[in-house]
Amino acid sequence: MEKEKLLEGELTPKDAKHLLYLMVLTRAFEENAEEMYALGKVHGTMHLSIGQEAIAAGASSAITRDDYLLNTHRGHGHFLAWGGDLNRMMAEFLGKENGYCRGRGGSMHIADIESNNLGANGIVGGNLPIAVGVGLSIKIRKTNQVVLTLFGDGAANEGAFHESLNMASIWNLPIIYLCENNLYAMSTPFDQAFKIEEISQRAVAYGIKGVTVDGNDVFAVHQAVREAAERARYGNGPTLIEAITYRWRGHSKSDRQAYRTREEVKEWMEKDPIPRFAKKIGVSDKEMEEIQERVKIDIQKAVEFAENSPEPDVSTILEGVYA
Amino acid sequence: MRELTYKDALHEALDQIMAEDDRVFLLGEDIGVYGGAFGVTGDLQEKYGKDRVVDTPISEAAITGACVGAALTGMHPVGEIMFSDFVTLSMEQLVLQASRIRFMFGGKATVPMVLRLPGGSGTGASGQHSGSYESWFIHVPGLKVVMPSTPYDAKGLLLAAIEDPNPVMFFEHKLLYRTKGPVPEEMYTIPIGKSQVVREGKDLTIIATSVMVMRSLEAAQKLAEEGIEVEIIDPRTLNPLDMEPIIASIIKTGKALVVHEAVKTGGFGAEVAGRIVESEAFAYLDAPIRRLAGLDMPIPYNRNLEYHAVPQVENIVEESRKIVQGVY
Amino acid sequence: MEKEKLLEGELTPKDAKHLLYLMVLTRAFEENAEEMYALGKVHGTMHLSIGQEAIAAGASSAITRDDYLLNTHRGHGHFLAWGGDLNRMMAEFLGKENGYCRGRGGSMHIADIESNNLGANGIVGGNLPIAVGVGLSIKIRKTNQVVLTLFGDGAANEGAFHESLNMASIWNLPIIYLCENNLYAMSTPFDQAFKIEEISQRAVAYGIKGVTVDGNDVFAVHQAVREAAERARYGNGPTLIEAITYRWRGHSKSDRQAYRTREEVKEWMEKDPIPRFAKKIGVSDKEMEEIQERVKIDIQKAVEFAENSPEPDVSTILEGVYA
Amino acid sequence: MRELTYKDALHEALDQIMAEDDRVFLLGEDIGVYGGAFGVTGDLQEKYGKDRVVDTPISEAAITGACVGAALTGMHPVGEIMFSDFVTLSMEQLVLQASRIRFMFGGKATVPMVLRLPGGSGTGASGQHSGSYESWFIHVPGLKVVMPSTPYDAKGLLLAAIEDPNPVMFFEHKLLYRTKGPVPEEMYTIPIGKSQVVREGKDLTIIATSVMVMRSLEAAQKLAEEGIEVEIIDPRTLNPLDMEPIIASIIKTGKALVVHEAVKTGGFGAEVAGRIVESEAFAYLDAPIRRLAGLDMPIPYNRNLEYHAVPQVENIVEESRKIVQGVY
């Protein structure tokens, strides 16, 4: 799927089914990651997007692979939806030489510049100023691309958010700001960090369009991103989209989750975006099982690929610091 | 004496000073219910309430500025920057405000604040969550820079930092949080600006900071088996830097090795080398001062590369051996 | 006037006349500063607020000297209106030992902590994060004070603005954010840096009250600040006030002003806040002349005081770096 | 050869490269109609339009980030931070993004950006507008740090920096803008990472940067009258640092003095001292390496204090004399 224009018109049934596959794949990848973590096969931390898969599916399918992606620390789904190769992704996750970043980056920094995927970012809001530069570059080069920029609710309180949205607005940059509001920034509930109802209200401060959508609804996200992309490509500047969702797992590996109730989590688990989307696009239980099966095999193969991949050679340790 | 972990020693210091001094309050990201990313603040919000253990939005510049403003008006804030890497977002408030306000205002203002900064590599947190930044801040007059390596020092220096009328950068190391050591129950301070000899020896002077003190001590044991006795000095405060014990030691050993985790170029070790050369110890040096430090690179994700990016026990052993045997 | 509560009720005629005096004094101070600069008596740069004097008069008179002030680089008027001593201010301007900052700070950093004047700031938006701390300190100490925080239109695009207003809003801090929108940030016209009509619209992003007033009208500013102070003292949090005004002079000493027309400047000079206020409060031409005369003498004395003041001794150069 | 000011040399470099390479564009505060706070961009907006000479709002973090993003996608942005002090607002984008992206992405991304940073004291701009920050950045692997001291170097190094595939911090000095010197009309580059001997001498090696090169040359003339011949080396690039001419020179003179404006503690001079000691030159040293640098304090407003806060010609003369006469 790399470099191929996935979708330019409405979602076809085939497209939709592929999106469903990607959502299932993302979840499986993360469940597997959890397991590997538990088995001590993974060093470091990771941020799981389980429960939030609809956003990546909806967003990536609304733009093309000639566009750009700026991803976050919770970005496995976006990476896969953009067309990331599962094997090399898994290899990166295990820190192997043939991972996307030669094992130097890991989950929090996975990138594939070749496919205009400009990388995940470990810094909350860290990709927002970068988005301005990508937008500016597009504008100067007149290439008609857009840049999809992801961030969480927590990032919307960094100064970088403000500077980025203001610059993008005054210069009409082709940026889609997609805020994944999963109601928590680590342990901080949304209403403890904001005095407003919706993050999209902040669009007012920049004179741009803001919209809040159901982040567990692939079509709603897709629609909002498609509209934003259209505005962007026609020189009408950035859009702030807020997609409401929920993270099922803890923030990272070491989270006791004392800041929320089991009931709340359970409630949201009932809003699982995967069966919801499957139902909406008329995928039967049997088809779903087939997808699950396919995913299982894909993951297994990827794990094998990654585990059999070589470790980086220590003699190459300094490679890549300078060009 | 009772043993505590480094983390618990810090927690106890905060707890005790908060009970005693209501000018002290804490602020930072996820320091309340979550208890801090590394658990240092733990239950303190439960104990002292949300007004004194303030959970903030993710806004590092404002967290730091909030410390400055509170300090200027009589409070003694202790801010936590979740990972010291994020201090890159606080630099304006630290460098152009906190450190300079007093001087620019003719010495008529004080900014008694502490910023706690967990740093360092070794946890697989990769390129943006594993840095060591203390060297920048010794280059900022008006700031003090503290970096404890033991639970005992952690408690005593944190209490001293909170009492200090100047802004203090307090660097903690992630790998030290679980280390244990004797810690008195009562409150005590360790003077800021005092280096300490943590091991005596006659063959080589090692100046090490933070987690490298621990590694140097381990290396010293191995070296002792070979008959090499190293003296280890932990500056504990990087600025103002107490050179006296370092100079005295080098006059004795004639050899010096600085060990830190931060990348070598432009690091604290350079300043130490520069000062040794300017001191009376210069005349006693019978070998070049060596610096063993992090490679000039970001911290890699891969566990093995990460391990090799910063000094380990075996590197200290080897480097010490070379110096003592005059391989350089 | 230091430490004395100037005004708690409405402005009395006597108060008003004092404010007029302060406005005339500020202008004379700055015109004199210009002259001294031209004569080479001043080293460094300075930022003149000529034309903007109404804001300082209106704002400072709406709160008490138990409150706090956080000032900007263009803050001579606010310094005087807060009750700054003209002689020591002039001495600071000339870098003398008995200036407010012992000659170490100069115009851009003049402060008087003793009177809760927490200083001017050379960094655009630099005082905004500090305001949060002052507000927090007031809240923790339960002292019922407020903090008046000044900044320009340009500062409203720094990330610090965003972080500060958000924190103040979620914690209901007693902060009055007073934006002096003089339509330019150095050479950058307002509408080149903002895609909105009014900066006060940004209050929406924080769920707080925002208001735009005529910054050349002392009463309008006074009224807005008084209301904001009331909200703040009663625990109702911060307010964002935008006061529209205009700077008559260049940004700093070395500004050719190629970015605006003479006509525009002239138009605004006709909206001079000083005669406007004089007229509104019924001050006769004769009274006005008396004020001018008094100011002239005050300035002259201050210059004498400052010029006769000692230079800092080089042997004390390191004093004040550490406490 | 034709003479130009340092400012005009920079302007010419920008003008020529923009005419030739449409990947190059400029952004910063007031660089358009205003022509830049120090006049470097001058008329370039008129010449190349608002799309290639971009006036930004006052948002230093986003200016820097905009450079990163543009560079990542094939452009060669040159950002201007109006006063280098404001780089404190760009640290996250510089240190955690620009400098590390390439490494973290496995060497598969390039970030060819330049940040121009006017700095230094001497203009009465006081505490927040007069700093020297280059030393921080030599401690950031992935960045290059350049600091020209003459119009000739300014043009050649700026063109080299723009060509370089790495992020380059380009430090200019306010007091140098009006200095004049020969500058070829055609485009040329000066290799990044090459130190230069700017004066030959046999008695002492002075390693000086930026405005201190000028002051050292002046000091050298006075010293020559006393019969002291100093050799002066301008590293021009602070990272990667070319030690070869420095080492060769010290082997000849046996004495070294580092001079910079930035405060002494933790400054570039410490790194130079550290490297000299580690080099073969150590054995040839017959006097301790001295560092003459800014006092450990913010820059004061008062003109006289400001003057004394950083090294002046007479300080260099005196310090050199002491070293050569063996007073230390």
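Think of it as A, B, C and D in the order they're written, each chain with its own count starting at 1.
One rule holds for everything that comes next: contacts are C-beta pairs under 8 Å (C-beta built on N, C-alpha and C of every residue); 3 or more make two chains touch, one makes a residue touch a chain.
Bear in mind that the values here come from a model prediction, so they are computed numbers and not experimental data.
When the interfaces A-D and C-D are ranked by how many C-beta pairs touch across them, A-D comes first. Farthest chain from chain B, judged by C-alpha centroids: C.
Centre-to-centre, using mean CA coordinates, chain B is 40 Å away from chain C. Spacing of chain B relative to chain D, judged by their CA centroids, is 30 angstrom. Centre-to-centre separation of chain C and chain D, using mean CA positions: 36 Å.
Among the residues of chain A, those touching two or more other chains are numbered 101, 103-105, 109, 121-123, 126, 157-160, 163, 166, 170, 192-194, 321.
Taken residue by residue, chain D touches two or more other chains at 57, 59, 61-62, 85-86, 89, 92, 96, 103-104, 126-128, 141-142, 295-298, 300-301, whereas all remaining positions touch fewer. If you check the complex, the residues on chain C that touch chain D are 42-45, 95-96, 101, 103-106, 108-109, 121-126, 154-155, 157-159, 185-188, 192-194, 255-256, 258-259, 311-312, 314, 317-318, 321. Taken in their complex, chain D has these residues touching chain A: 25, 27, 51-52, 54, 56-57, 59, 61-62, 64-75, 77, 92-93, 96-97, 101-110, 112, 141-142, 144, 165-166. Residue ranges on chain C touching chain A, taken from their complex, read 157-163, 166, 169-170, 192-196, 201-202, 204-208.
Contact residues on chain D toward chain C in their complex (touch as defined above): 29-30, 32-34, 37, 55, 57-62, 85-86, 89, 123-129, 295-298, 300-306, 308-309. Across the complex, chain D is touched by residues 85-86, 88-89, 91-92, 94-96, 99-100, 103-104, 126-128, 131, 135-139, 141-142, 239, 241, 262-263, 265-271, 273-274, 277-278, 282, 288-291, 295-298, 300-301 of chain B.
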